[in-house]
Structures are given as C-alpha cells and as structure tokens.
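Scroll down for the structure; my scribbles are underneath it.
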C-alpha cells in the first residue's frame, strides 16, 4: 500500500502498518513552505491511517535535509515568511507530539532544520559516512527558537545543548553517537530503515493508549510553551529577518552557495 | 529500639538513630491501600523520632516490591481507588520530600511502583542477582503519573526517562547501574543495608537544617506540581481505570498472574 | 591596553579584544561586598568596551576564590548583609547572563562561591594540582540559593547536582573533569588562560547577535526566576543569618580558620 501525499514527499505504508515518509525535494530537501506543508499533510495521513509508527527519511543519497530554505529568509516576502514559520511550527507540533512512534533514518547530512526534524522523532539511526548533523543556525546569523532548544534538550544534556547551539556545532557521525544526538549508526539506508523498524516494533507489546499518553506527558512542557506563544515566536522570527545584520549574514551565505553551485 | 508500625511494615531504629523501614506484605509487597498507609505512617514515625536517616528495604528474599497492587485497579471500587491513589500521593510526598536522608536497599525485583519507591530515595543500592528494576506501567496498559516521571528525571536523563517509560523497560542489575538508576550494587541484603548506612552517615558532618533546606529546594518543583494538582492527578487515574481498554489490559495481566500461581 | 577597575580586580584587554578579569583580594579572594562591587563594575566595563570575550582568573597562585567572605555572614551587620547579597545577585546576573562569551581559568581552589563564579562562565579550564572545586555550603551550615543550584544544573546533571549540594562535595581536579564540572585541565595558569582564549576565539566565525540571543534564551529561566524573586531571595539569606544554629556553624568554622591562621 502506498499513498502519494504529493510530489515533495512520498508516504508508503507497509503491510505491518509502518509508514515511511520520504522527503524528496531535490537537490537537498531544503525546507521551504511547500515541503513543510507536504510533510505536515503526510503526518496527518499517518495518523488517519492509524499506522503503527513512522520512519522519516530522504530520497537523496547524501542529504537527509539541509534545513530551512534560505530563500524563505533572504530578502523575504514577509507575508510568506509568516506562513512559512507558522507551518514549521505546525510540523514540529505534529511530529514532536505525534501519537504514533517515530524514528529517523538519517541517510545523509542533517544540519539545522534537518537535525531538528530528526531530533523531534523518538529514535535516530544515521548512516555511516562523511555526513554531519547539528544545529548551526548561529553560524548563519540566525537564532534557533526556544522549541528547537527544547527539542535538543529532550535528548542531550543542557550543557551539550548550550555549547552546540551557541557554537553552531556540526558533528561527524561517530561523534554524534558519542554525544547522544543519534542512537545508532547503520551501514546504508536499508540498514537504517530496518533499525528504525525494529525500534518501532518494540512497541508491539505496549498498549497504544498508555504509550501515547506517556509520550505526550513527557513532551508536554515544550509543546505547551509553543501553543501559548505561537504568535510571539513568529514575530521574533520576523523581527530577526528584518534585522539588517541578519540579512547581511544570509547574503554572505547566499553568495557562498552561489559560488559553490557555479 | 524497635517500634512496630503495624504488621505490614517493620520500623527498627538502631543506636545511631538510623531507621530501617522493612516492607513485609507477602508474597511480593504489592502496594495496596493498607501497605501504603503503613508506609506513610512509618515515614511519619521516622520524622517524629528525629532519626538521622532511613533505609527502605523488604522482608522478601527476592522482591523489593512488585509495585501497585493490580487488585486496586482491576474492576475497582472507585471510592477505594480514590483513597488508594491519594495515599500513594501522600507516601511519595513524604518520601521524595522527606527532611531526613533516605536510601533504598533493593534486595530483589523492583518493577513499576517498586522502582518509584526506590527512586524517591536519595541513594540506591541493589543486590546482585537475576533481579529487574524499571518502570513497566505502559506494558500493563496504564500510565505513570507526572510525578513518577519527575522522580525518574531527578536521577536519570530525560532521554533515558522517555525511553524507559514509553517502552516499559525493565533493567537487569548491571544495566541499571550503567544507566544510573541505581548507585551501587551489593553482594546481599546485609551488604546493601550497610552501604545505605554508609551513605547516610556521610551527612554526619553536615548541619541538618542546611541539608534539609537544600534537598527540599532541589526537589521543590515536582512536589509543588503535585500539591497543586492532587485532585486532577487522582481524577486522571480514575478515568484511566474506567477506560475499557485499560481494564482489558489488566484482565490479561490478571489471567497471566492466575496461571502462574496455578 | 589595560584599565585598572580598582585595587581589588585588574581588567586587562588584549589587542584581540579579549578581556582578562583578575581577582586580586589577598590572601584568597574571599568574596566580600567590595570585591563583588569591583567584579560587577569590571563586568560592566567588559560590556562597554565591546570585548570579544572575557576570561575570569585570580592573582593568587593557589586560590581562584575561597567563596563568600565568612565575615559578611558571621555576626553580620544586617544592612550591610543586605547590600552584600544584593551585589552577589547582580554579579551573577551580569556574569551568567552576559552578552559576551566567558571562560574561567581556575588557577587554584574554587570552593562554594568560587565554584559558582566559574560555573557561571560558559567554559572552565582548571590548573592541575592539589586543588578542589565544589559547592560545600551545607558543610558550613548555609544553603546555596536556587540560582546556585540552577547554575550547577546548567552544566551537570540534576542527579550530580543534588548529591554535590546536599553532601557539600568538593572535587579534586581529575574528578571534577570526569563529572563535567570543568571542561579541560591545564598545566599552569598560562596554559589555562590560553585554553580559555582558544574557546572564546571559536566564536570569531559566529555573528555576535545570534550568539548572544541564543545564549540568553538558553539561560533565560534561571535569570527570570531571580529577577522575579530578588527580594524574597535576599530575605531568605538574611533569615538564615539570623538563625542561631547557622551562626553556631559559622562560629565553629571561624574558630577553625583562626586556629589555622595562628
């Protein structure tokens, strides 16, 4: 069984009821408004289909997701930027607070927003290779919102979280494993997906209601914070985009990307 | 000096002023209303006797405590269930927030409520053997309350806490030591009690007032939460008991216990 | 460039814009009202000079800081004690919440308030030697305030924090490294300062605005707590000083110091 949720993601549900949500926005799954909308809609479908669990992965052989699309932030249309951030918040609420078990098969680079998506899942398996994962927002001159921080600190210590977020640190796979950013490594994507599946199947013996309530109680505080501060959180993001120094940093980053592409 | 606090527990105070509270409800110290009342009353006595500290242990050679008595939850009398939960809350408040130092000599299995009792102490020594400790509530289809979660996260990381509580994980002794659920292992009960005593005596050189205020400041937030939400917390427990799916899970568990006993 | 901030501290700013704040109140940098005022004023100067970062260290070859001056607490003038505590709060707010990166070159003993000052920085390098670091307030019969606890738990786990603060634990250098109280060791003060400098220079590639907002978001909760509870926090300290048992503990400690000096 496979239900196309749109061209930007693929949602496949196997005969055990485990869904695989594959991001497929070439070349690097940059999270723009449309990709985020497609992810959000696919997460709804996973819920509606009463799937046993969901694996998040990428169709690219080298990039899980490059994070927020710089084109949504550099010289932005503020109305679209508002919708962009609001959709990002919604995706996080749906993923971090999902009723079903979630795991990320990280088959490539996962900086910034890519890292955040995987950290919002309950388990992370990363493919061995010259890939990096981390939260490097500060290096681009932008600030990760409180709920990115809370997402990190749901998994790693406050100490590591502060260092990673202020330094804009990116980790190679082995180091990410040692710090606890990821739970396991895999030889390739097939192996990563299989290990995610194994994690999700651990819940076969757990009554789903008890599991869901327990997970949501655990994750209640960061979710409640965002529910209560969505407007303020978006306004902070928009204020950042309007800051000339932030646009300068993005400009430099944008020129660098253009040079690389040339 | 020994003061019987009732048939379900024994409270012995040695000549150094260290109390030993022994749970003795055969066969497995299932926490029912009466055992919880006896523990609560014994904790009051430890305070009234201005004991230097308290060691919590069990009279059974293989079980510290099997956790909440399923008979208080399966086809429950709701009025009694209300008193049961309220007494459990009181025991936790008295133990987790006690003025005196506390240590658990875990001389056998400590699943669910048994684990919670030991985690509410300030130090844990577990006897080596084929024993398990952990929070497996979800496996029975029930949900550990917020203050169980807070108790776990007072000692282990949020990451480990979420995995343990959603998966209903039970640990063998060595693994429990590695994860930090327990602080030390012991060869037998005598050794475990002696190591608990050694921990409590470390406070001999610390002025008690400063120690108590420091401990209570540290544990203030989870205690304040329960004080402010006792009724709601009990109502959530009662709602869970009224849920047919939860009763189904308990029925299955109950049948399994009956088969084992036969 | 070097700007004397007063006789009790020295503030030197190098040609890269990195400030070194040296505490120099012989013999052991006991934190009295005047030293705290000088530190607070120097922290303001670091900000005004738009320094790239600040290294906190000591002019003594064996003591970073011995912590709060017992003479501010033993048989206190309550009006001065009030100003003392209020100034300590201000120093912490300025240091823990500083816009610029901070690192401590811990070139000697750092008990109690000395430990707290270093933990308020973002990075700690301690000189190898027979030095100790930790929070031993309870051993003197006094209670570390909530924001000392929060400062500890910003860096180490709640579990370690509770044990250290209730036991009044002091760690040798190697153990402090293992527990995570310090980040690195150094062969001598020059090496320690150099390693602090290296940490601060890691931020050269990070736009300062994004870095500062990220740090302050991370440290927001403990800072907000103190801002909202400054009066109550001071009153708790004054109540402690008025407690005869606390004065007894301080008296004993004071006599011990006098004997040592004799």
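Letters A, B and C mark the chains in the order given here, with residues in each chain numbered from 1 onward.
In the analysis below, a contact is a pair of C-beta atoms (placed from the backbone, for glycine too) under 8 Å apart; a residue touches a chain by one contact, two chains touch by 3 or more.
No experiment lies behind these values; they were computed from the predicted model shown.
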Count the residue numbers both chain B and chain C use at their shared interface, divide by all numbers used there, and answer same if that is over half, different if under half.
-> different
Mapping chain A onto chain C via their CA atoms needs a rotation, nearest 5 degrees, of 120
Roughly how many whole angstrom separate the Cα centroids of chain B and chain C?
-> 38
Residue numbers in chain A touching two or more further chains are 157
Show which residues of chain B lie in contact with chain A when the two form their complex.
-> 137-144, 146, 149, 157-159, 161-163, 165-168, 243, 245-246, 249
Touching residues (chain side chain C, partner chain A) in the complex = 101, 122, 153-157, 180, 202-203, 205-207, 209-211, 213-215, 217-219
